[in-house]
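First up is the structure itself, then whatever we jot down about it.
In this document, chain identifiers A, B, C, D, E and F correspond to the written order of the chains, with residue numbering beginning at 1 in each.
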Amino acid sequence: MRVGRRETFNCAHRLNNPAWSDEKNKEVFGKCNNNNYHGHNYVLETWVDGAIDPETGYVLDAKILKDIIRKHVTEPFDHRNLNLDVPDFKNLNPTAENIAVVIWNKLRAEIPNQFKLSIRLYETENNIVEYDGQ
Amino acid sequence: MRVGRRETFNCAHRLNNPAWSDEKNKEVFGKCNNNNYHGHNYVLETWVDGAIDPETGYVLDAKILKDIIRKHVTEPFDHRNLNLDVPDFKNLNPTAENIAVVIWNKLRAEIPNQFKLSIRLYETENNIVEYDGQ
Amino acid sequence: MRVGRRETFNCAHRLNNPAWSDEKNKEVFGKCNNNNYHGHNYVLETWVDGAIDPETGYVLDAKILKDIIRKHVTEPFDHRNLNLDVPDFKNLNPTAENIAVVIWNKLRAEIPNQFKLSIRLYETENNIVEYDGQ
Amino acid sequence: MRVGRRETFNCAHRLNNPAWSDEKNKEVFGKCNNNNYHGHNYVLETWVDGAIDPETGYVLDAKILKDIIRKHVTEPFDHRNLNLDVPDFKNLNPTAENIAVVIWNKLRAEIPNQFKLSIRLYETENNIVEYDGQ
Amino acid sequence: MRVGRRETFNCAHRLNNPAWSDEKNKEVFGKCNNNNYHGHNYVLETWVDGAIDPETGYVLDAKILKDIIRKHVTEPFDHRNLNLDVPDFKNLNPTAENIAVVIWNKLRAEIPNQFKLSIRLYETENNIVEYDGQ
Amino acid sequence: MRVGRRETFNCAHRLNNPAWSDEKNKEVFGKCNNNNYHGHNYVLETWVDGAIDPETGYVLDAKILKDIIRKHVTEPFDHRNLNLDVPDFKNLNPTAENIAVVIWNKLRAEIPNQFKLSIRLYETENNIVEYDGQ
């Protein structure tokens, strides 16, 4: 049984590899390399796999899941600049893939080990990533 | 090849464990424990896995799938109170997880065995469960 | 300039006219007349019309609008039975139309008079109402 | 007859009134005042009112409408920082309301005068504005 | 008070003006002029304006509205070729605008005169038209 | 890590098995057998599985993925009649399942072998298929 919870957050970001020249960055990242940042409404689905607790009928109470996500992801990320305001991206390019890895690691540390964890992250309605730790 | 069909139904329900005190129920289920019920527009995706029939080009005709879902799930559930009107929940707490198990069992009995079956159930746009019989 | 804010709430309800016989109620309201209630995920859009405040660039701060909606509509309605738990529907049939009138009146009392007010209420993805006080 | 066209663009922005103290800005704009910007996936609906041309069956060819929107709005706005990269917001706070006024003025200059023009702009799925020049 | 009902239908169509040369048609209608047709999932919203009936709490029962729409629009249009199978388009180019006029006229003939009528028709998620008889 | 890209295309099609009688085709395919075709707005999600490239932070640049999809799928399919204009369906019934197999094969030939590939195809909002080559 898998349980999913949807939350949203809004950030500025910029894609850039500091080891590359400006030309190379422009060529690879295009508009996403814009010096002054751009931004997205991110949609995060967090999925937890486990057995149903017969006493509650829940795998994991959505309120508990929501509180973990809000405390560890949406509070520190929402209305921030990922490159400048979120330490995890100080030396990590904030592509949707890398954001997903960072979020998964934060959530994995908080969600009890008996539950498998995977996430889906929408950067736009057309660009989506999924990560389950592998 | 997996084939999915989306159907909807609208129910009242209430979360409660009769073995617990009112205080414990209020504490665990919060607003979902409201004595007089609340309700949802449920969205059900039913997914069937199998080979394509070379004569039809279908895995399973969506009309057949739709008819099974309507007869065994949406007809008996739609515009009902899950706790009071649907016998499956007489002694089972109608969490999204338990509703998914009940629906999966009903559909599994009707869908030919050569097809794997899984379902996704949206309780709200933010709360989702998936079940494939395990 | 019109500004809209989307909020959601989940309720049980039942359509019934106590002045009619059971047969008449069943005939007119069909499945919506179910004795034990059914329910919906309501989606409410609240729209406010006015001039832009040159100091803030807002017509009305979405936070203020959100707080009014939550305090006067979603808090008292969410996870309730409209017929039994919300006094406004004690003698009023909770059709989408009547719910919209009740919500509009509650919001009108709270939103400053220089702003025109209208609402859109989705009962399901297929059934929608709009009301602007006329 | 009204014809609508949906387009999207993704920007960083920050809400701030330079005439105010930092404290006042923080108090009024909250998280939206973040120094390092945040961002959104904006969704723009452009609506044009007019008669059907009997030769084409169109009010205004969606391709023409799309080209005007892309050239004058989505190209100069997409993947930019509204405050720093878009001259229109050099001295104008980029609230959804002000963005809508700027877009409407740009489109009004390009769309033939026999057509009425209005726009709807989604900043998030919950915050929406509409503007028709009044 | 306005009441809206959403229904869908799926059609093939082709845009063409028989008074024009093939070159002119290709130039004006582009890909939509394809000889062998293309197709869409149309989404129709039908909106009815009127007073609430105090006995039912309805402006117009959504069941009645649904039955009118299905009988007069979705039944004759769904899974058809608009140009070849629907007589209304024998001499009328099936642009979204013209489809909206045809649908509005069909519905206007069936919906009691005390109700104002308007429709919104989505040809794709990006192309939308609205018509209210004017 | 899985990366998904959403694209859309609009086609006419007709379901028919030429080895069967007209009666049998009508019985099995119903409205989908309509002689003059009908059509859909197809939504295609393309999912690619692989490791994150540490230099870019991408699994596969969405621009590259988009260009492959547009060149090999949406360009040749969009605004066409699948039965008449797309050679792949000359002798293959264009059910959603068969369309998914054709698309998957086209994309598999273009996407580097180190990436696993799967697709999801929406024929309507209610009918969906998924295919990963097995």
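Convention: a contact is a pair of C-beta atoms (placed from the backbone, for glycine too) under 8 Å apart; a residue touches a chain by one contact, two chains touch by 3 or more.
None of the values given here were measured: they were computed from a predicted structure.
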Identify the chains in contact with chain C as well as chain E, in label order. D
Across the interfaces C-D and E-F, which one involves more C-beta pairs in contact? E-F
When chain D touches chain E, do the two copies use mostly the same residue numbers, with over half shared, or different ones? different
Between chain B and chain C, what distance separates the C-alpha centroids? Give it in angstrom. 27
Where the centres are mean C-alpha positions, what is the separation of chain C from chain F, in Å? 41
Multi-chain contact residues (two or more partners), chain B: 125
Interchain contacts, given as pairs of chains that touch: A-B, A-D, A-F, B-C, B-F, C-D, C-E, D-E, E-F
Per the touch rule, the chain F residues reaching chain A in their complex are 1-7, 45, 47, 52, 55-59, 61-63
Would you pull the chain D residues touching chain C in the complex into a rising list? 15, 17, 19, 28-30, 92-98, 100-101, 125-131
Interface residues, chain F side, partner chain E - complex: 8, 10-13, 31-32, 34, 36-41, 78-81, 84-85, 124-125
